[in-house]
Structure formats: structure tokens, C-alpha cells
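Read through the structures below before going on.
Shared between the two complexes below is chain A, which pairs with chain B and chain C, respectively.
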Partner chain A sequence: MTISPKMRTRMTIFWMLLPTFLILIGFYLFPTLYNLELSFTDITLLKLKKGGDFVGATNYSEFLTSSTFRDIAINTVFWLTAISVTVRIVLGLLFALLLNSKFLKSMRLTTIARLMLLVPWATPPVVAVIAWRWLLDPTYGPINSWLLSSGLISDPIAFTATLSTVWPAIITIIVWNTTPLIGVSLLAALQTIPEDLNEAAAIDGATRWQQFRFITLPYLMPTISVLTLMSVIWTFNNFVYVWLTTGAGPGTFTNVLATEVYMKAFIDLRIGYSAAIGVTMAVVMAFFGAMYFRYFGLTDMQDKVG
Partner chain B sequence: MRRHILTKLLLASTVLAMGASSVLADANLVFRFNDSERDEMRAALDEFEAANPGIKVELQTIAWNDARDQFLRESAVGQGPDVVHIAFVWTQEMAEAEAVLPLDELTKYGELPNGFDDFIATDLTMYEGKAYGLPWTADTWAMVYRTDVLAEAGIDDLPTTWADLRKDSEIIKEKTGKTGFSFPAANQVWFPANYYLWSNGGNFIEADGNGGYKVGATREQIADDMNYFKGYIDDGLAPRSILSIDEPQDPALMQGLMDGSQAMALMPTNTYRQLLGAYEQAHPGEDIPFNSGVMMAGSQAPQTHLGGRTLAVNANTEHPEEAWKLVQFLSSAPIFEKYYTNQFPAQKSLLSKIEYRPEELGFAKELADHTRTWGAYADSGVGVGPLWNLTARAFGTALSGQSSTEQAADDLIAEINRMLGK
Partner chain C sequence: MRTRSVNPVANIIENGALLIAFVVFAVFLLGPAFYVFKGSFENLSVSLISSDGGWTLNNYISLFQSGYFIYVVNSLVVCITATAMACTISLFCAYCLSRFRFKGRGFVFAAIMGGQFFPWIILVNPIFIVFARSGLINSQIGLILCYTAFITPFTIYLMVGYLTTIPKSLDEAAIVDGASRFTVVTKIILPIMWPGMVAAGTFGFLQSWSEYLLALALITDNAKKTIPLGLYQYFGDVQVDWGAVMAGSVVATVPTLLLFLPLQRKLVSGLTAGATK
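Up next is the complex of A and B:
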């Protein structure tokens, strides 16, 4: 029996892809399916040896109809994700434009500015949160000291314990720690824009704003699109910043989906219920990703750029 | 013939040596210990190793916040340290999870010098009629006072009721500008919340008299509890930042007591001893301006919880005999005399021998006359951990203004009822 060249090519592709498939099955598909299975059981940390009983969709219905669901959803979608991602994209774009500007080049500050931008990104999130908690501390924190000494406030502000300041404090920490990635990525994209396009536009009488609006921004959109998608997924699922900054408090004021997963699994010991929240989060993000590509897909963006 | 006898002697001595080594074969144990006295405990283990040449002990440390879950996860897959240091109230959960060995499987290797009845709070170690851990240390919370600040405010007598405490805080604020009473208002608000409720006749969970359990406080009682502590924050008697303070040993609270900018606090025994040690180190040779006293009374006598730590042996251990030997060693009197001196032992025979410093007498009185175990909280099946989290969160929502105290009390009662299956 002879194997046709086409078949041989297919076999080669199959064998080359097989290790990747095995890794994906072992490290992604199996845990995903196992988590899905757990979400339909009443397993707890105390029943890990015995295993849980099948309870159908009880965990899902309990979570989705719980009195806290609305607040947790708003905290996750609006405060943690929408606000922080928007601020990061806008600030990242501003940083990228600044780092790419002729002004910084003329001042010979480009290299030092780029290095400074990378410092927050190089700081581990745990360290960043601890450092910021100290900065924001009402008794010993330099921010309160400065505000008091400058006369802007008369009493120290407990930033992470006051309802009006706790979310801005968390968002500040996230933005400080993660905006550099956005800035550096957009800077790389900025540097791929042919300079003669702006020169031609300037000769045709285009203003700086018009050059930005009709040349720079369309070129950046594919990068912005991908960065936004990644940031949304990463932030929506993030646990570290909220938990280490406030422990989801005061009370439950900053409780988000990721901290709820942790509390239900490791304080209330309800692994099955917690798995159901995790599956819900994955479904929401999968739906978001599909819609995002459907309406703001990369192909479409690239078409716009030409 | 002589040669034959020599051979027999050699053979016999070899067999004897092998037999002796098989009594306690070479064993490497892991002891997971979660308190801060790591160096002292290592010194104690060195003494144990010297006395037991066949046994080596690795000392592991993990944060208390993660200790329970980490061990449960490890145990479920056949892993984990041989001997674990756990809270009293986790023992039943560990037994239910089949994570630890019952004591009757261990005492065959050696009995306890004064028997199991010599230990306190043994009810918390019982699961389905068997004991699963050895109570190791006992503690409770009591009041701590900075006597010089009280004198500066003209307060001669220590407060005895919650109303007195509030009044004295107002006087201190007015006369000295300092903080009177302050407390951790995040996770561990659980403790003062319970003490206030208990001293006013309530319980978050109590037996219903028919073999079941119910919420043992009215909405008004719980809201009153919340309002009491909320008043300190809203009226500026305690800083709002305490809403993010989890523990009494938080540097912000400890520093206030150390530098005298705060007069009154509540804390557990070991934290108080660490505070005294830190003050003595910073002010050698000076008088100690601290005193302790029993918790506040409400409409009824004061009450705090009888807490403590248990030693348990992992159900997966390959060296149960050696592990039990280590547990027996750790429970002996010299450990508390030489190494683990910030803690009170959980044995009645050892507790009665403790010589308290004058400034510790409040803790001694509290422990002797005003403590109770979590009892129904653990027995109800809800579990102290989940109830603690739920209550602390509810108090957090009320104290921060996220919701009214009445609403927070209603939500808390509804959630406890849900957990009780009602």
C-alpha cells in the first residue's frame, strides 16, 4: 500500500500537532471538564476524599438568584473591568504618544522615559499592592501626610476603608501596575506607521488632530483592539488586586467574582458552588470574546487600515 | 566450641540491635507550626531530636489564614505534614474529612501522663464519639489598658460595662485628644461582636431545645451590637481606618498602644505578651504602663470564647508512632516553660501552675471565670469559619455605612437561617 503525498503531508501535520493537542487536553481540557463536573455537585473541602453528590444546576441557580449577585456583578463588570480598562487604554495611549514624540527625542529623554515606564510593570502585583497600601495608609502613609501638610484635607483619609475612595484606590493600583504594558505595546505599533503618511497629510493641510484621528488611530486600532480584549479578560478574572488591597471589604463593598470564588471555596469550603461561579465567569468571558470578535474583529480593523 | 558461642553471641546482638532500631525506626517527620515563635519551636525540636536519635523533624510554617485549606487539600491526596497545628474549632472538620487520626489509634503507642481529661475544651475535638486531636494551647481575649493614658484622662477605675467603655473613650478623647478604645473592625470584629452579644443574652446560633439549632438573637439585638461598635467610628472615637484592620496585632493598633496614643484595646493572650515584650525591649528598666482586665459586661456577666490550638496527626502519616511521640513531647511542661512561653498550655494540671505577672491577671481571671467554647456554632454543622466570615462581612457592611444596621442584621439572620437549612 502506497501513501499519497497529500496523505503523507497530512500525517506529518498530525504528528507535529499531536504534542500540542496532548498538552492542551492534559492542562486545559481535562481541568475545564473536571471543574464543570464539580460545579454540578455539592462537594466541599471536607468531602474531597468521599466526593460530592450530583445536585444538578442547584449551585448555578443559587448563585444567580442570591441577594449578593447583583452587587458582585456590578463591581466586577463596571468598577473592576470597565473603568480600569478604559483608564489604562487612554493613559497607555497618552504615554505611547509622549514616548514617541519629537519633544522627548529633542530633550534626549526617550530612553530614560521608556525605562521609567517599565518600572511599574516590572513590579510584582503583590509588591505593588503592599507598597500602595503603605502609600495610602491614613496614619503613616506619605500621601495623607502630603495632603495634610498642604492643607488640602484636615483629617487623614482611610482610602481603603471609606466607601467613596476604596474603588478609586484599587483602580489606581491596577492602573499603575499594568498601564506600562499598554503603553509599550502601543509605542511599538506607533513606530510601524510610515512617517511619509503624516508628512503627506501635513502638506495637504491636515492639522495635528486630523493626522491623529485619520492616520495614527486607524493604524493603532488593531493593537488597541487586541489589548482591550486581553485586558478585559485578564481584569475580569483578576483576584490579586482586590483581595490584597481590601479583602473584598469593607463589608462586601468591593467583592468581585474572583474573590467570591475564593471565599466560597476556601472560607465556606463549598468547592462545587465555587466551581459553578468559575464556570459562569468562563461562559461570560467566552460570550464577550465571541461578541467582541464579531463586532470589533481584527480582520475588520485591518481592512480599515488597508 | 568457643568460636561457635562467639558466633551465636554476635548473631544475637545483631538481632537485638535490629529489634531495638525497629521500635523507633529512622523517621523524618514534618511538623507544621503556624505561630510566630519559629526560632523557639526549632530549639524545642532540636531538644526532641537529641532525645530521639532516630527521628528528624522538619519545621514548616504557613500563615494561619491558609493553614486549614492547605492541609485539607494535601490530606485528600495522601500528602501533608505528619503533625499539624490547627485551631480548636477545625478539629471536627478535619475528622469529618478523614484528614487526621483518632487519638485511640495513637494512645496505644503511649498514654498521656494525666490522661485526656486533663485537657480543656476536649468537646471540640470529638467527632462521632472519638477524639481526633490533643488540645495544645488555650487562649482567650481580654481587655488591655494603657494605665498612664487613663491617669492622664483622670480615669481611676477600669471600665466594667460596655457603657462604661464608651463613656471612658469619650472622656479620653475630650481630655487628651487620644483614642480611647479601638478594635479591629474587619475580619476579627467577629470576636468583640460575639462578646457584646453574649453579654447581652444573645447568640448567633444556639440549640433550639429539640435537637436542632436556631438563630439565638433578635434583629434588634444584632443591630444594637452593630450600632455599639459603629458608634465609635461614626463619632470619631476610633479612626475610620480600623475598618480595614483585620487583626488586633495589626501594627496600627499595636503602635497606638506602644506609643500611648491609644488607651484601651482587646486582644488574645499571646498578642498581649508580645506587646509587653516589645515595650520592655523598647523601654528597658522602665515601669510597664499596661494592665489587663476582664471583658465588658452587658445586661449579663462578661463572656469571651475559650480558644486555642490543637495538635493532630495526619491520617496519611507513615510514622504514627513517631508522630505521637512528638505530640507528647510538645505537650509537656518544659515546652511552655522554656520555648513556647507566649502561650498558655491547654492542660489543667499545667494551667494551675502558671505564675502570672501582675499585668496579666485580667487574662487569668477571664480564662478562669468568663470563658465558653463556641459550642453550638461548631455543633450546628454551620462551622465556625463560615459563620465567622458571614458575621464579619455583615458587620463590615453596617460599620462602613454600606447598609443600615437593621438591614445588615436582617441579611445576617437570613443567611444564618439558610446555612441552618431553614
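Up next is the complex of A and C:
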């Protein structure tokens, strides 16, 4: 029996794609659906073997009406996501503009700057948290010893244990670790702007601000949008910075959705309840994901391969 | 050709301001890393509160005597295996996506783009339960499977980009000569796209090297812990063994720095390629 060439091609495609499909189904699709199922049960870590009983939407109603929900939502949306993404986009933009300025270019600082950006960028988040916990440490930390010796404060500040400084501290760590990506991407985009556009505008009497506002910014806008959306999705779900910096503390002051999912599942052992929080997060993220797809996602990859 | 006269004093002030801004950025970016590096060579014994200065290698020596070596080995084993698996799987998938049109191609694209941003915090619970039931908790195989799945979407994405630069006529010539598609991929495509494989592999390795959440949920046995988990062993309940933590941090970061150096530009163009058109 001979196999037709068309059939052969089909077989080839099947075998080449099979491992990817297994991964997508086994580690993305199935867990997502299973998580949905878990969220309607009262399963706990202690009765894993037996499984949980169906409890309807009680997990959802308990979470959404719980006294902590409001704080967790504000922490996640405002502090963790909105503030930290805004700060890193603004800082990244400033840094890119700075490196693209004629003076710094003429001093040949761009290569050095790229290497500088590499250091925080290549630092694993775990180490980034350690570095800043060390800097901010009340007993040994250099920042406290400067502030003390300059007379600005009389007692060391425990930055990560004080309510007024704990969020700024966490955001500083995230910004330090993630701004380089933004900076380098925006710098790359800046360098694609034709030089003569600005020159022509200058001859026509445009001020520096006008050149930035009406030439540079519109040129950068697509890149800024992608970076913002990517950062929002990535930060909203982020667990590691808050968990390692404060463990959601002091108390539960810096608790966010991701740390709540982890604590409910692995400390309170209530997997079903934790799954419901996860599904809530997924719904919010699906919205941002849809936006990403709508504007950039699929078109980008299909443009590449046709 | 200037239409406005430039005031030399204003110019000096402006350039000075730019330079100061540059230095401020430099201190912000490099300061934390510098202090960790410096701290890792200092005498910072927990029992002696004063840091009486002096350079020493004691932090590194005590770090490796306390069993940090195991974490390094575990990280290397898990990350290298996962990267190799992800690269192999991605190569064939990316080849299919760039060479064939078939039903479900759009779905695979969507899944790969979505997978890059998939929030793993949501998948920790179901994966934990499945792994607990099948005995994959505290198993390196379990962690390797997770990391393979975790890095595959982006490695596919990078490789598809690279493959489209390789002309299809190359494979067709080989097919006419009677080669099978698998031979084409392994004997013709692979040697050409080696640089793309290395870039994708480096990226995958870096991703898994710094992964914390899955390791935290799936590994509790000290002998199986990876570097990110191991580092936090030194944060005691009351006191932190800062000397060991700093030395451990340097050990964890040096490989990523070295690998990042050649990869930087590629990643940027990969990440924002769609936007700058």
C-alpha cells in the first residue's frame, strides 16, 4: 500500500506538532479547565485524594464579599500594577530620550549605557529583591546609614515593615528590575525616527517641546502601547516581588491577588477557594489579553510568516 | 545650519544637566548590584554586628560548605534539560508553522502568543493537585516538565521569526532529492538556524533559571531545591545570614549576566517587532 504525498505531508505535520499540542493541552488548557472545576468545590490540601464536594458559587461569593477583597483589589490594581507600570514607562522613556540626546551620543555613552541597563535586566527577580532588601535593611543597609549620617533621620527606618514606605519600596524593586527592557525597547524605537523630520521642524520654528509632542511621541506610541499592555499583564499576575519583599505583610497590608492565591492554597490549604480567586484573576486578564490580541498579537506573528 | 542662535552658557548648563541625569540613572541602575557584589566579599558575620571591613572569601566558602552547591547543580540539571526539550519541540513546531498551511494553524498561533503571557499563578493549584496524585511533587522530572511547558511558547515564537528568513527553496530541493521532512529539519534547517536556536535556548534557560513560584509550590525537599529557593534558606525567621545571601546572589547572577550580553538586541527586536512597523 502506498501513501499519497498529501497524506504523507499530513502525517508529517501531525508528528511535528504533537509535542506542542501535548504541552498546550496538558499544561495550559487542561489546568485552566480543571482550575475552573476546582473553584466550585470545597477541596482542601488535606483531602486531596478524596476530592472536594460541589459547593456552587460559594467560593466566589465569599471572596468577593470578604472584608479583605477591597484592599487586595486596590493593592493589585493601583499599587502593584498602575503605579509601577506608569513609573517604569516614564522612567524608561526619560532614559531612552537621554541616551538619544546629541550630547550624550557625542560623548559615546550609548554603549556604556546599554551595558549599564544589562545589569538590572539580567538580575533574576529573586536577587533583585535581595539586593534592595539589603540596601533598605535597617541594621546594615547603606541607605539607612547615609540618612543617619547626613542627619536626615535620627532612627533607622525599616522600609519594608513601615506602612508608609512599604509600597514605594516594592515598586522601586519592580521598577529597578524591569525598566531596562522598556528603556532599551524605546531607545531602539527612537533610533528609527528619521533625523530630518526634527531638523525640518526646527527650521519651521518648532520648539523642542513641540518636536517631542508632535514628532517623537506619535512615533513611539505603538511601542509604548505594546510595552504598557505587556507590563500590565505581566505585573498584575506577579507573585514574586511582593512575596519575597514583604510576604504580603506587614500583616496583610501589601497582599495582592497573586499572593492571596498562594496563601489560601498553601497556607490555609483551601485549594477550592484559592482556585476561585485564580479564575477571577483570569477573567480580568482575559480582557487585557483580548486587547493585546486585537491590537498586536496575532497580526504580528502572522505578518511574519504570511 | 541653525536658525536659532545658540547661547553657549545655556548650552553648557543643558549639557551639564544631561550629564547629571545620566549619572543619577547610572547610580540607580548599578548601585544595588554593586552593593551586593561588595557585600559578598565583606566580613558580615551574623554574630558580630559590626562590619569591621576587610576583604574576604569566607562568605563564598561558608556558602558552599552549607550545601549551596546542591542548589546550583539542581538548577543546572533542571534548566538545561528543560531548555533542550523546549528547543527540540519548538524547532519542529516552528518549522511546521512557517512551511505548511493547515487547519488549526490560527489556533496554534493564538495559543503561542497567549501562552507567553499566561499567568502561572493561576495554574499552580491544578498542577499541584495533578502532580500530587501522580507522585511528581519533589521530583525534578515534574519541575522539568513544567519549565519545558513554561518556556516553549516564546522559543517557538523566536524560532518562527528566524525560520522565515530561511528560503523554502532549500527544503524543496532536498525533498526533490528524496529527503524526508525530518531529514530536512535535522540535516538542512538545523545547521542554518543554529544562531536562532542558541538565542531561543539562552532565553529559555534564563527564564527557568530565575523561576520561583512553581519551584516553591512543587519542591519542598531541600536536596531538590533550585537556586531561587535555596537563596531564601538563608533568610531565617529572626536573622538573615547576609554574607551567605550576598555570595549566593552573585553566584546566581553571574551566569545570567554572561548569557544576556549577546542576547540583548535580539530580545528587544523580538518583543516589540510588531509595533515598530
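As a working rule, the second predicted complex is superposed on the first by the 263 of 306 C-alpha atoms of A that agree within 3 Å, B and C clash if a C-alpha of one lies under 4 Å from a C-alpha of the other, contacts with A are read in each partner's own complex, and residues count from 1 in each chain.
FYI, contacts are C-beta pairs under 8 Å (C-beta built on N, C-alpha and C of every residue); 3 or more make two chains touch, one makes a residue touch a chain.
As the structure is a prediction and not an experimental result, all values here were calculated from the model.
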Exercise for the section: Name the contact category of A:158: first (chain B only), second (chain C only), both, or neither. Expected result: first
Handout entry: Which superposed partner A:77 touches (first chain B, second chain C, both, neither)
Key = neither
Exercise for the section: Return first, second, both or neither, reflecting whether A:266 touches chain B, chain C, both chains, or no partner chain. Expected result: both
Exercise for the section: Examine A:55 and indicate which partner it touches, taking first as chain B and second as chain C; both and neither are also allowed. Expected result: neither
Practice task
Would you sort A:197 into first (chain B), second (chain C), both or neither based on which partner it touches?
Solution key: neither
Exercise for the section: Figure out whether A:95 sits in contact with chain B (first) or chain C (second), or with both, or with neither. Expected result: second
Exercise for the section: Between chain B and chain C, point out the one touching more chain A residues. Expected result: C
Exercise for the section: Please indicate which partner A:247 is in contact with in the superposed arrangement: first for chain B, second for chain C, both, or neither. Expected result: first
Practice task
Check whether A:139 is in contact with chain B, with chain C, with both or with neither, and answer first, second, both or neither.
Solution key: both
Practice task
Based on the superposed arrangement, let me know which partner A:148 touches: chain B (first), chain C (second), both, or neither?
Solution key: neither
Problem - Doubly contacted chain A residues - partners chain C and chain B - result: 48-49, 137, 139, 266
Practice task
Spell out the part of chain C that touches chain A in their complex, as residue ranges.
Solution key: 1, 3-4, 14-15, 18-19, 21-22, 25-26, 28-33, 35-36, 39, 44, 49, 51, 88-90, 92-93, 95-98, 100, 102, 106, 108-115, 117-130, 132-133, 145-146, 148-150, 152, 156-157, 160-161, 163-164, 180-182, 185, 206, 209-210, 212-213, 216-217, 227-228, 231-232, 240, 242, 245-246, 249, 252-253, 256-257, 259-261, 264, 268-269, 271-277
Fill in the blank from the handout: Within their complex, chain B touches chain A through residues 69, 72-73, 75-76, 93, 96-98, 186-187, 239-244, 246, 252, 255, 383, 385-386, 389, 393-403, 408, 411, 414
Exercise for the section: Give every residue of chain A touching chain B within the complex, in rising order. Expected result: 45-50, 67, 137-139, 156, 158, 160-163, 246-247, 249-253, 263, 266-269
Handout entry: chain A - residues contacting chain C, complex
Key = 9-10, 12-13, 15-17, 19-20, 23-24, 26-28, 30-32, 34-35, 38, 43, 48-49, 94-95, 98, 101, 103-104, 109, 113-114, 116-128, 130-132, 134-135, 137, 139-140, 142, 176, 180-181, 184-185, 188-189, 192, 202-203, 205, 222-223, 225-227, 230, 233-234, 236-237, 239-240, 244, 258, 261-262, 265-266, 271, 274-275, 278-279, 281-282, 285, 289, 292-293, 296-305
